[in-house]
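These are the structures, in structure tokens.
Each of the next two complexes has chain A plus one more chain, namely chain B in the first and chain C in the second.
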Partner chain A sequence: MNELPQQLANGLILGAMYGLIAIGYTMVYGIVQLINFAHGEIFMVGGFGALTVYLALPSGLPLMAALPLMLIGGILVSVLVGVAAERFAYRPLRGAPRLAPLITAIGLSIALQQAVWKWYPDAKKARVFPQFKGDAFDVLGATVQRGDLFVLIAAPLCMLALGYFVSRTRSGRAMQATAQDRDTAALMGINTDRIIVLAFAIGAAFAGVAAVAYGLRTGEVQFRMGFIMGLKAFTAAVLGGIGNIYGAMLGGVVLGVAEALATAYVEDIPGMAQFGGGAWKDVWAFVLLILVLLLRPQGLLGERVADRA
Partner chain B sequence: MRHRSLLILTTAVAAGALTLSACGSRGEDKSGDGSKATVVIGLDAPLTGELSALGQGIKNSADLAVKNANKQNEVEGITFELRPLDDKALPNAGQQNATKLAGDKEVLGIVGPLNSGVAQSMQQVAQSNGVTLISPANTTPDLTQGKNWKKNDRKRQFSTYFRTATTDEVQGAFDGQYAYEKMKAKTAYVIDDQKTYGVGLASSFKDQFTELGGKIVGTEHVSPDDRDFKAVVAKAKGANPDLVFYGGEYPASGPLSQQLKDGGVDVPLMGGDGMYSGDYIELNKKAQGDYASSVGKPVEQLASAKKFIADYKDAGYKDAYEAYGGSTYDATWAIVQAVKQVVQDNNGKLPDDARKKVVDAMNKVSFDGVTGKVSFDKYGDTTNTMITAYQVDNKKWAARFSAEFKKFDKS
Partner chain C sequence: MTALLEVENLRVAYGKIEAVKGISFTVQAGQVVTLIGTNGAGKTTTLRTLSGLLKPLAGKITFDGQVLNGTGPHKIVERGLAHSPEGRRLFPRLTIAENLQLGAFLRKDSTAIERDIQRIYELFPILGERRKQASGTLSGGEQQMLAMGRALMSRPKLLMLDEPSMGLSPIMMQKIMETITELRSQGTTILLVEQNAQAALSLADHGHVMEIGRIVLSGTGRDLLHDESVRKAYLGED
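Let's look at the complex of A and B:
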């Protein structure tokens, strides 16, 4: 059996999830040049937000009906935490040396993880997330789970909406202006504080969508899930060219596909048998990152500075 | 303004950090009864984190043993006290806990840990302090018999280390034999999580399965933190096995099993005692038909365990006793029995070199425990090699087959 279509589908689904989270890294970096290392945790709380909504709904409700509400719940929690983080953790440090907000971000990440661990009921172990019942679909020789359709639909929709917002709306253009030169933008009458909050909020909302997709796919949410996913998404953002929103999504997909293909095929290369398989997939993902950065230090789509937002 | 919000933030973070560290410390409530000496039994297990379902079961079962010892006045003139510490399944946390416990003279024995990887970091600490360390769950042969056990060059590693769980060598071989002879599987796909326990279990499964005539059609390694196994699933599907064997624990194997079946690999997943947990079924909507082996007979089937189950229920613990409840009770009870022997030999008083005497007594301990006969061989391993295969049936683990596995000559 040819497993290539299946591995490509796996990579695409995983990559779309990375991409959604990577948007949050890239937007915040584009505007305030801050790597928000707490973004993985903003993703994680979104998962718990969606789960809370699901648990609060009457238990007989089909998942299809509950999903929109869960999505709203997840996005809401992520956005609230993201905006609060900006307001209370990062804004007081604006103008401080670069390292200060970076360390704050790491501290915030630990604090959020531990807060969920301590106060969310039963979160000391993985909590079960609802999943769609029913058989998988066969698409071009690949098996695609019902839950995975969610991210395959949501990710392109989110990208289209974001693209429209950034290039066509007043706020979006204000965001581009702020990214290019914050001081000048402020002189032109743009409320840059509001734009920065907006960037955090949009990134957090996308992380909330990704969290629901993660829950549907793996059937669980847990307090540590933001760490690995956040790290991968950050890698995706760098791979695609940090600061570029399309780069983030592209980087995510490339990373996801690279991981899937490395798991499947590296061991078939003569002499590489011991470097193949699931154990080495992260290594190959980072080898790819290093190669891209060596050949194109600005990332895959890094040069389109005008687009960055 | 800027200073104030910073101040508020710092206060909030500091308060949060303090609350968190507060759960690690505990009140030193020593009973003020002067006529009785206190013996502290330390406990080290993952009380939080993904493996906490197993860890809480271990803590509660040890707690029950200590309470029963005090209630029946098992050792005249001695009050036992349990001091549970959380290792979060991390080797360095286990090492710190062992150091902390060994530093207290009242600690005469430590029950734990759950993970073989953690045990490796605790053994040396226990050894140099001469304090008994007894695990209800460690199954890696190296811990007792050294790295060369495969070449039958077995040597006791630590004179203070014991365990009531039988080794992977025995368990993995049991799994291999069960898969080939009882499940009639001819081909198997083997996956492990690269941890000490998982790799050991998977390799002894492989040895036994191929020795009997089975064929390994593929092997894979995953990371224990992964929850997305779709790429591995697609490979397993291509190999078309009769059975997938997983060396590892339930937080990863639950999603793995579900993704295998979602991905069209419609064969049972089999694993060891690290998979034998109620949470495995909860995390896995397609667990039906999967297998796990676990050490000992099912506690529910043993007459000696009836009392344990009833007591556990009466005590009203929030978490189930899980896979290691019985073996933990036995491990704790073994320390109690060793202390009893030592006190009896010393005219009803604790001797000055109590730790050393307890270790000596541990080697000679022999009693009928929850899981059967409890005694230790010359490596510190349990002499009880009873193993049971369980299968998920209707959202519950149902016992399928129990046998004493005696293929390997350990002399």
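Let's look at the complex of A and C:
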């Protein structure tokens, strides 16, 4: 059996999730030059937000009907946490040396994990996330689960909306200006504090969408899920060229596909048999990251930093 | 007559280092006022404080009848004080047209904005020819024209220009100075910071000489241009 279409489909689904999360890293970095290492947890709390909404709904409700509300709940929780993080953790450190907000981000990441672990009911182990019942689809020789269709539809829609926002709206233009030169953007009359909040909010909203996708795919949410997903998404953002929103999605998809293919095929390479299979799957993302940093540090779609002056 | 801009005993510090140590001056509507002095005299710091990018340590800034201390930069532009910063600071990946539109960010009158953009293109025809070009690809002189044009797009009551002649060829500098003269004849009030004292004093109504955070000499442009100490220190004569 030829399993290549299946691996490509798996990679694409995974990559779309990485890409959605990567948007948050790249937008925040593009505007305040901060790697928001708590972004993985902003993704994680979105999953719990969606689950909470599902549990609050009448139990007979079909998942299809509950999904829009779960999505709103997930996005809302992620955005609230993301915006609060900006306001109370990062903004007071705006003028501080770069290491300070970075350490704060790591601390916030741990705090959010522990808060969910401690206070969300039964979150000390994974909580079951609802899943679509019914047969999987057969797409060009690949089996795609019903729940996975969600991210395959949501990710392109999110990208279209974001592209329109950035290039066609007044706030989007203001965001581009703020990313290129914050002081001068303020001199144009742009409220740059509001633009920064907006960047955090959009990134968090996309992470909330990704969290619902993750729940539907894996059938669970748990307090640690933001860690490895966050790291991979960060890798995707760097791979695509940090600061570039299209790069983030491209980086996510490339990373997802590379990971799926490596997991499936590396063991067929003579002498590499012991590196095959799922046990090594998380390694490939970081191998790719190292290669990118060595060969093309600005990323696939990134610009050389020197151009910014 | 009340001044359009009144600065009283302004002090600004970076951490513990005081860059501006208590300066006072006024700008009347319709005037061109210049601050001259060497690097580190505090000229740029003064402008950045007036536009709200820096917070003053002490002193009072009154613009158009309102006290500005502590007001955020985006609110200050709204009140009619535009700042064309040192080093031009364009948005390099946006086009000329987009840079000009951002200059009018707070305005809602889109037809008048379009008309003003056309006026900038008349003032600087080269910008009109290249309107779709990314501003980062322009020459230094062209970038300076765009920076001035962009600041004018907010229709300011007072235009602050920080070193508009920096790094320009003599011909380009001539062109920029002519433009300032032209803006002035149209009634634009200008606060000009320059290292090129000769050029600045020749077209200014009033000038102030700054040295390490203080104003050490003030007078009309003409007086300063003929002042012995100014000639020695800033016009390269001995």
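Rule of thumb we're sticking to: the second predicted complex is superposed on the first by the 303 of 309 C-alpha atoms of A that agree within 3 Å, B and C clash if a C-alpha of one lies under 4 Å from a C-alpha of the other, contacts with A are read in each partner's own complex, and residues count from 1 in each chain.
Just so we're on the same page, a residue touches a chain if its C-beta (ideal position, glycine included) is under 8 Å from a C-beta of that chain, and two chains touch if they have at least 3 such contacts.
Keep in mind that this is a model prediction, so the values were computed, not measured.
After superposition on the shared chain, which partner residues are touched by A:115: those of chain B (first), chain C (second), both, or neither?
first
Going by the contact rule stated at the top, is it chain B or chain C that touches a larger number of residues on chain A?
B
So, A:156: does it touch chain B (first), chain C (second), both, or neither?
neither
Touch check for A:259: first (chain B), second (chain C), both, or neither?
first
Quick check on the superposed pair: does A:141 touch chain B, chain C, both, or neither? Answer first, second, both or neither.
Neither partner.
Using the superposition on chain A as set up above, list the residues of chain A that contact both chain B and chain C.
Looking at chain A, the two contact sets are disjoint.
Sort out for me which residues of chain A touch chain C in the complex.
Contacts found on chain A: 170, 173-174, 176-177, 180-181, 183-193, 303, 307-308.
Once bound in the complex, which stretches of chain A touch chain B?
These residues of chain A touch chain B: 1, 3, 6-7, 10-11, 13-14, 88-89, 91-92, 107, 111, 114-115, 117-118, 124-126, 128, 131, 136, 143, 145, 217-220, 222, 224-225, 228, 259-260, 263-264, 277-279, 281-282.
So in the complex, which bits of chain C are touching chain A?
51-53, 72-74, 77-78, 82-83, 85, 89-94, 98, 101-103, 105-106, 136, 150, 154
Where on chain B does chain A make contact in their complex?
Per the stated touch rule, the residues are 2, 5-6, 8-9, 13, 16-17, 19-20, 23, 48-53, 194, 219-223, 225-232, 234-235, 237-238, 251, 254-255, 258, 262-264, 279, 282-285.
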